[in-house]
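After this come two complexes, each holding subunit A, first together with subunit B and then together with subunit C.
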Partner chain A sequence: MLRKDLRRGFLSIVAGLLLWEILARLLLENELLIPPPSSVVRSFWKLASTGQLNRHFAATVLEFTYGFAAACVVGIALGYLMGMYKWFDEWMDPWIATLYSIPIITVVPLIIIWFGLGMLSKVIVVFKITAVEIILNTAAGIKTIDPVWLEVSKSLRLSRWETTYKIRLPAALPYIVTGMRLGVGRALLGVIIAELLASNAGLGYLLRDASETWDSPKLFVTVVLLAAMGIVSFTLIKKGEQKLAPWRETAEW
Partner chain B sequence: MLELYKKNSPAIHKLLSIMCGLAVWHVLATVIVADSSFLVSPLAVAAKSYEMLFQTAELYPHLLASSSIFFYGYLLSIAAGVPLGFLMALSPAVRDYVHPWMTTLYTTPRIAFAPVLLLWLGIGAGAKVAIVFLGCVFPILINSYYGMRVVNREFVELARSFRLTRLALFWKILLPASVPFILSGLRLALGRGLTGVAIAEWFGATEGLGYLIFFAGQTLNVPVLFVGVTAFALLGILGFEILRKVEEIATPWRKKLQT
Partner chain C sequence: MAIPILELRNLGREVAGRGAEPFVIFNGINLTVRDGEFVSIVGPSGCGKTTLLRVINGLLSPSAGQIFVDGKEQNGADGELLMGFVFQGAALLPWRTSLNNVLLGLEGRKKNTPDAQAIARKYLDLVGLSGFEQHYPHELSGGMQQRVNLARALAVDPKILLMDEPFASLDAQTRSFMQLELLRIWSQTRKTVIFVTHMISEAILLSDRVVVLSHRPGRIRSEFPVPLPRPRDMEIKSDRRFVELENTVWKLIEEEVKAAGGFAKL
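== the complex of A and B ==
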């Protein structure tokens, strides 16, 4: 038997879907406004079997992965330097703060002007969003390291390199993962917006295509897919966070 | 002189960094790129903002439209998020039934709902407020929930020993104790709400900062684009400052603890 809260959650989802189906079929009878779940599933099947879905999905995932990977490398390096050297922190701070406080999506048109309509502009959007989060969190992690650990490394006569590799970076790891988690959600939003504004592939493009052709079942397929993507990436990162830093209480959502 | 430098070195470094950055930006824009449909100098952005603020005054309607959408969406999400969060914290049944829907809605990129909401509510103010609402409500809800969940047990026990009624327990203990959490939810919601405003104004809007940015992007009008982005950043900073003031007023005991 499942746990009580899981059972209730499952029940709630099933009841919600049923209610949606009944309401859409009996009361509204308007596919345009609210398509019933069954026609959403049918539309999903149609899109999947023609290979369209695959193409758009792959484009979004690829853009996301490239941007994310680059942001991890650059973000950890810059964050490390900011945590280690006070002057560097002070020089970077105003710019990072500016980048952080500007709503991401307002700079998307600018990024498209600069980097074109292709894949590169979307990778840059993901990169920008994730890098800022990782930089801030890595710097915080490096700064708040327990001084006792550094003393231990001194008494063991570890070289600078070893101190970095064996003490500082592992100590900052939970912070870094937190930065990644924060980055994922925002980056997903960013990549979808960039695709929506200007592109010819990706889930954002599919979203615009569906809404401009008034194809509501297709629109809902995209919404459900995006929801699934959000949930899966969030769960993965959360699992990672718990594994790397089991002593830290992670966010429930 | 040296002493003065040592005392204020962080501020001086930051100032220097901003100056150098702006100088590099200026040189990059005027000498290296030299294409005004690509990048313009910060001076040109300043000139354009001056013009839009004091000469043609065309920025004000956009500012007003964006702020009012933001304001309504934000207020609505406080009105809905805080009570629902409390309800979830106090009743496990409500929590279990609402939880899966909330996780789904919260982790889905909000932009996905924008076309759907537009379809349902039309291109008027309703859909825009709804998009902002959707962005703001979850951080507020989740933080209210947490705030009420993690209230110190000793406070509750103290209330019991004073034989407070349930209502008094809520008003005197649970609510004040969760205020700091709600405020940090409001802070999170601020940034998400501004993003929501921009998203909302991309779809079928005729005014607002988001529209301004979107339109400038489409017509390669880079100076106006920068003005719009700057206005958004300033609105965000203004909002944070207001919230900080609210926090000082709403949680006076925090300041006492610090000093």
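== the complex of A and C ==
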């Protein structure tokens, strides 16, 4: 079943690329508008062999990873506390709600003024976006725990600490992963926006560079890489979700 | 006389009601259980059987009275682990395998893990689930989940096993098999059991003594020793003494239901 699905998907992509190549060569005289896949591959090769690609790709991946990792730690901790203590929830709520509703694009300039052109400002952007998602979802997961599991814990006389990491956190795990999954897509967008606005490295920088020099094959390379990054991170999280919560039907995408 | 394994003295529980009057779930419960005894508690719906069991375990606190285990007064859920609780729904942790569910109560207590593992495996074997150690709850049938539930409570080697309508959610056939299984497991472990059920025949089949609670507020209406020899099997249900006792208990519960306002109020 799955094999067949995969094969069809792959064939579909190959066919699409072929069609694109043929149409681009036949119909368009200027490669600037829509470069054929072969030019995109050439451009990719050139960027890769000069080490440029590696540098920019690594910058974005690192910014993303640092921000995401920090958001997981802080998000789970704050979300846990908000789920456990009503007063803390009420204290935090207006701030989280505000953070959640501000579009990232409006705060990116501020973040860049505060934290500079370099990596740190992008890490902060990723952190802000992902942390909010994880906090909200972790808190929801902690709040909605099945009370009978807490009774089980109590009847077995588990300590508070054991109840936290053997019952509450695993019970909230599917919610936490949902928060991560929601965070990934938005954080990827955020980091690119920040790099587009002001940066000295990263895929967003490459995108701006390509756009300013009218280098459309390079633009396409960047777009494809970003898509790949998105797909890989989504798949990793989905795989992680299946491994961590095998009893759950995988969420619809 | 030897010290009873469990003694309830004037136990009561009430919660805040709608008006100024507190809502009394049960009160004035006095019960003495000797070591190794199998006691069933039956009564009309809403008489507080399940709440009583939770109070005994310390999951809920009593509003009045005392609980003694082996002569020592109990102080809620902070105390020592002396009782195992078998929940009505299996209440297994879905992210843990059968083995790890049984290990839950052992992990914190047993210093060396191989030892705890061996104990958990032993109890899974006792409930007839060897070979299912690595299965997750969603891969098990309702009856099997209840077996894990039972193994988890037994594995911590409690002095008293509290069972809260453990077979209520099973189909009739599985239920009968589980009753026989419980008879076998009980004869092998000889634990003291307090078994809550609304099924009179189940109570008689399993127990040494049947305690009947009144309608709310629950009080002990009557107690009946079960005059049937062990080991028992399903055939004993057609024994004259079994049928007589079942009728007697049923009449008593019927009276209670009528006193509470009739069947329609259930």
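As a working rule, the second predicted complex is superposed on the first by the 241 of 253 C-alpha atoms of A that agree within 3 Å, B and C clash if a C-alpha of one lies under 4 Å from a C-alpha of the other, contacts with A are read in each partner's own complex, and residues count from 1 in each chain.
The rule is simple: a contact is a pair of C-beta atoms (placed from the backbone, for glycine too) under 8 Å apart; a residue touches a chain by one contact, two chains touch by 3 or more.
Because the structure is a prediction, the values reported are computed rather than measured.
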Please tell me, clash or fit, for subunit B and subunit C sharing subunit A in the overlay. fit
For A:K154 in the superposed arrangement: first (subunit B), second (subunit C), both or neither? second
Looking at the overlay, what does A:C72 touch: subunit B (first), subunit C (second), both, or neither? neither
Looking at the overlay, does A:I113 come into contact with subunit B only (first), subunit C only (second), both, or neither? first
Quick one: classify A:V126 as touching subunit B (first), subunit C (second), both or neither. neither
May I ask you to decide whether A:I134 touches subunit B, subunit C, both, or neither, giving the answer as first, second, both or neither? neither
Subunit A residues in contact: does subunit B have more, or subunit C? B
Examine A:K166 and indicate which partner it touches, taking first as subunit B and second as subunit C; both and neither are also allowed. second
With both complexes overlaid on chain A, does A:V177 touch subunit B (first), subunit C (second), both or neither? neither
Given Cα centres, how many degrees, to the nearest 10, is the angle at subunit A formed with subunit B and subunit C? 90
Please provide the least distance in Å between a C-alpha atom of subunit B and a C-alpha atom of subunit C in the combined superposition. 17
Could you give the residue numbers on subunit A that contact subunit B in one complex and subunit C in the other? none
Spell out the part of subunit B that touches subunit A in their complex, as residue ranges. 9-10, 13-14, 16-18, 21, 37-39, 92-93, 95-113, 115-116, 118-120, 138, 142, 191, 194-195, 198-199, 202, 209-210, 213-214, 216-218, 220, 222, 225-226, 228-229, 232-233, 236-237, 240
Which stretch or stretches of subunit A touch subunit B in the complex? 4-5, 8-13, 16, 32-33, 86-87, 90-95, 98, 101-107, 109-110, 112-114, 185, 188-189, 192-193, 196-197, 204, 207-208, 210-211, 216, 219-220, 222-223, 226-227, 230-231, 234, 252-253
Can you tell me which positions in subunit A touch subunit C when the two form their complex? 148-149, 151-152, 154-159, 162, 166-167, 170-171, 173, 244-248
How about subunit C: which of its residues touch subunit A in the complex? 54, 57-59, 77, 79-81, 83-85, 87, 89, 91, 93-95, 104-105, 107-108, 136-138, 152-153, 156
